[in-house]
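Listed below are the structures to be examined.
Two complexes come next, and they have one chain in common, chain A, joined by chain B in the first and chain C in the second.
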Partner chain A sequence: MTRRQLVKNTVIVTLLMAGAAVILLPFFWMLSLSLKPAHEIFAPGIDFLPSKLEWENYAKAFNETHLLRYLMNGVIVCGAILFFQILFAVPCAYALAHRSFWARGAIFGLVIAGLLVPYHVTAIPLFLGFAELGLLNTYSALVIPFVASVFGIFLFRQFFASLSTDIIDAARIDGLSESAIVWRIAFPIAWPAASAFAVFSVVAHWNDLFWPLIVVSDPNLATPPRGILYFRDEEAGSDFGPLMAAATMVTAPLILGFLLAQRKFIQGITASGLKG
Partner chain B sequence: MVGRRRIREALTDLLLAGPATLAMLVLIFAPALIVGVLSFTDYLFGAPDFNWVGFENYRKLFTDETGRRAVVNTLIYVAVVMPFSIMLSLAAAVGIQSVGRWNVWLANFLRTAYFLPVAATLVAMATVWQMLLHPNLGLVNQVLALVNLPGQEWLSDRSLVLFTLAVIGIWETVGYNLILFLAGLATIPQSLYDAAEIDGANRGWEKFWTVTWPMLGPTTLFVLVVTATRSFRVFETVATLTNGGPGFASDVLVFAMYREGFVYFKAGYSGAITMVFFFFILTLTLTQLRIVERKVHYQ
Partner chain C sequence: MIELENLSKIFGQTKALDNVSLTMPEGSFTSLLGPSGCGKSTMLRIIAGLDQPSSGQVRINGRDVTELTAAERNIAMVFQSYALYPHLSVRGNITLPLTMRNMNRIERMPFLDHILPSARRKIAEHAEQTQRVAEMLEIDQLLDRKPSELSGGQKQRVAVGRALVRDPIVFLFDEPLSNLDAKLRTQMRSEIVDLHQRTRRTFIYVTHDQAEAMSMSDNIAVIMGGRILQVASPRDLFERPVNVDVAAFLGDRPINLIELSTAEGRLPPPFDGFACDVAELPGRVIIGLRPETLEPDEQGPLTGTVGEMEYLGSEAMVSLHLDGGHQLRAALNASGVLPKPGETLRLGVEHGIAHVFDAATGRRLGGLSGAAKAGADIKGEGA
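Up next is the complex of A and B:
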């Protein structure tokens, strides 16, 4: 490396590290505060690290509030949404890619049009519908609006379309029914698309605040972001340590998932750029 | 026989594609139509009936002081987040790519660090920002005090709050755009840089302007539209940190839609806000689809 290049590289790395420090600061601060004793949080002066690790904040967050409940609700809601999205999207995508029927073009047109509609747009009529059916403040209200994922149908259709028809023809000759082909042949092959879609779906719904804020007022049904707001507004008061512990616990699953499966995560999240 | 076979095939098609199609119609298209219709009424949630009011809700949104604030604030927010997020992520992408030529591990570390906010739960991180920006206890003001600068009321100063939210928005989107730019940079062949060098472009910035920038054109356009779409939806930080305040200084379209519809139950007016928001997003997404059709690479 020449001298000039060395200087140049040093400058680049220094700037990038400074940027990374700013980006990571809130994560670091969250962890630090979540492990600080209360009197240190309110102490004047800047102490980046706690003087001792105060696990009490985590104990408080779990024992004296509904944090565990919020996390469980997140798992239930995200799991149910993903399950139904795949249940609806995969057969439809298969039909669009490998069967010919009169409505195929029209249905694919709907899928493309659906990509243009942000989910905020449907909120008012869906809220009215759920109120009419007496379903506000239920898990159903949190799950049902998202079961038809046009993005999922689109993603799986593109994947199935690139699949050779030989495999499917062979399965048909073997006498497999079409739904058996969908779930036992096509879906397992579509694993790369499915896992990218799963990341996209879980990240979107774990983090969503808009819809839970609208249909759920019962803290027992709060998803993690909704729960964080209950926690802050009603439970924590000015007890910031447990609040930061709760924030850490809510963020941890996705961050850990991202660190363990970076490539899959980045694929799944950037794919959402296609959706309106 | 032929008839029965055709019926069976049709039933299979219905079984496979029917549920999803029905769900799309009931959960996406019917509601989108209904909200459009509602936006021309004075309907209140729970009211027995409603009146047609024509464009009154839209007139109110664009002439009423608070309505106009939501529209203008959203546009300002987008106008601040977009250029900064794009410039910073492009600079970081070019830097990380050059680091990757001599230290892959460091480049991967940096990429991971920048992407972390994208994977994180924004509402939880917003409460952390609230701590950082706290007027007395917050780290930001304490650091400012160290260098003898006055602390600010980041989230309750009317003239500042929208820009504070925009900075959080930039923090949140840089990693996403960085990934798109890195994918774009990876498609530029080295031979172009060699050719530029032969033509006398020796300095880094000369190569940037003669090769990188023009070759990244489609990626940049794509990033521009994606960032605008994401910024238009700003909601979580507003709902967590300011509730649109103080005095509507940080009110934005999606938050106004939420407040008018689900706090004040004005379904008609909220419907009009929804339609305006929809119009902005639709314009952007259609532009984006046209760009994607021109085969922009991303990963």
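Up next is the complex of A and C:
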């Protein structure tokens, strides 16, 4: 390595590390607080590391609230949303990419237009609708508004559009019905797109506070971010140690899941030889 | 037997196929030959059931299949891009058509296919069939690989295996060799011919490469502009092309086409030395001379000055400036003494492969013979 390269690399790595530090600092602070004894949390001055590991905060978070229940709800809601999103988006995307029918272009235009609408805009009509149907305070209310994902349709349709029509024709000749083509051929080939979509979907719905806050008041149905709110307001008061422990527990599955998915994701992209 | 009756296909304003009828006998090897965009692939897709004709009928063994789906027709197709399923292994690719045909929806379900006795039995049978086909095509070593790990020739063989395993009535090939390099193409060509010999099924082969069509098929249908111009054996096609377009499309080297006005029903000089078997020539004709049928001949009817020459090893392409301003190219055997640029050369033509076409309609009127007759003597050397 020449001297110039060395300097250049040093500058780049330093900048990247500074950026990473800014992003990671709140997480680190959360982790640190969750392990500090109560009196250290409010001590003047900044100590990044706790003087001793205070596991009591975690015990309190689990015992005094329904943290496990909130995490379970998160898994159920995110899992159901992802399942239905894929169930609906993949066939839609296939039809938009590989079938010709009346007004196909216009429908795809609507899908793209749908991407521009923030879901907060539709929140009030949806809320009134669910109230009318008596579905408030149910898992359905948490899941149904998100089962049709225009983003998912768009993402898969772009992926399928790059798929050669010869493969689809070959499948038709081999005796696959259109739905068999979707699930046996198109969807497995679209695995990289699917895992990318899964990351987006799960992160968005796991972290979503807005919609659960509107449609769910039953603590038994609270998703993790909603659960943390209960925790702060009623159970723990200003007890920040257990609060931070709960927040850590809520964030951890996502970070772990993302790291695993990211690995699969990269594998998926490199291993699937899309040119068959 | 495949019969196409008055097939037409219209895309918007353009007629991709214009009232085409063609019969392909059982066990024949028919090539659909034509330049790109002529409608040959559309024809194949209609036979396959991937496209519906705008009008007309497709019959397989006498049964009208126009309304049936591709799968119901029991045909197999090999694509130019191989069209292998990238996420399945070679084994999975070859087995899938069997699974779809022989197993019902419940037997195909994930997990159940390992539990149900009927499904397990069928899976074992399919594995055996796949193995047999793979051995026949010598790809049994590759069964566990993914398509992305195969070379072009291997992929093509897997595609053939996937077609072969179902024992279809008809094999359709859509330019299957165009993505292969020249050497492999020749090899795969003979493998496909060999496959035809062994299976004795009807093969329909779409190509724009006339050499491929000539070397492989029993029958060639030449298609241009959505119409079939001629259906004939390779030899008849070469020796008696129905019109000037067919003649121009065939042959390894472009045919020499020379347009002439006739004088009193005879060819003008310098072509008056040819014996012509056409009773009455129209006002304007085109004569077609294949470069490889022209040979140096002391008594030959064509005389001209040698222009540039390309030496190609076994032969040399010579361009000859004829008296009267015409120019033609001849492929001469390079083992003999080659003429030098500027020299005078006399050429003769083998009988039967020189053609006279009507310039107005393009239709073939008859053949030319290069044997010297009275005219050649009159013309003499000094012209």
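Heads up, the rule we're going with is that the second predicted complex is superposed on the first by the 227 of 276 C-alpha atoms of A that agree within 3 Å, B and C clash if a C-alpha of one lies under 4 Å from a C-alpha of the other, contacts with A are read in each partner's own complex, and residues count from 1 in each chain.
We take it that a contact is a pair of C-beta atoms (placed from the backbone, for glycine too) under 8 Å apart; a residue touches a chain by one contact, two chains touch by 3 or more.
Just so it is clear, the structure is predicted and the values come from calculations on it, not from any experiment.
Contacts of A:A97 after superposition: neither chain B nor chain C is touched. Comparing chain C and chain B on the residues of chain A they touch gives the larger count to B.
Touch criterion not met for A:L35: it reaches neither chain B nor chain C. In the superposition on chain A, A:L128 makes contact with chain B only, not with chain C. When the two structures are aligned on the shared chain, A:P188 is found in touch with chain C, with no touch to chain B.
Using the contact criterion defined above for the overlaid structures, shared-chain residue A:A171 touches chain C, although it does not reach chain B. By the touch criterion defined above, A:L82 lies against neither chain B nor chain C after alignment on the C-alpha atoms of chain A. When the two complexes are superposed on chain A, the residues of chain A that touch both chain B and chain C are 273-274, 276. On chain C, the positions that touch chain A within their shared complex are 45, 48-50, 69-71, 75-77, 79-87, 96-97, 100-101, 146-149, 155, 162. Within the complex, the chain B residues that touch chain A are 9-10, 12-13, 15-17, 19-21, 23-32, 34-35, 38, 45, 88, 92, 95-96, 98-99, 102, 106, 110, 112-125, 127-129, 131-132, 137, 139, 142-143, 146, 171, 174-176, 179-180, 204, 222, 226, 229, 233, 235-236, 239-240, 254, 257-258, 261-262, 267, 270-271, 274, 277-278, 281-282, 284-286, 288, 292, 298-299.
Within the complex, the chain A residues that touch chain C are 164, 166-167, 169-176, 180, 184-185, 188-189, 191, 272-276. The touching residues of chain A, when paired with chain B in their complex, are 1, 8-9, 12-13, 15-17, 19-20, 22-27, 29-30, 33, 41-42, 44-46, 88-89, 91-92, 94-96, 99, 101, 103-104, 107, 110-111, 113-118, 120-129, 131, 144-145, 147-148, 150, 153, 178-179, 182, 203, 206-207, 209-210, 213-214, 224-225, 228-229, 232, 240, 243-244, 246-248, 250-251, 254-255, 257-259, 262, 265-267, 269-270, 273-274, 276.
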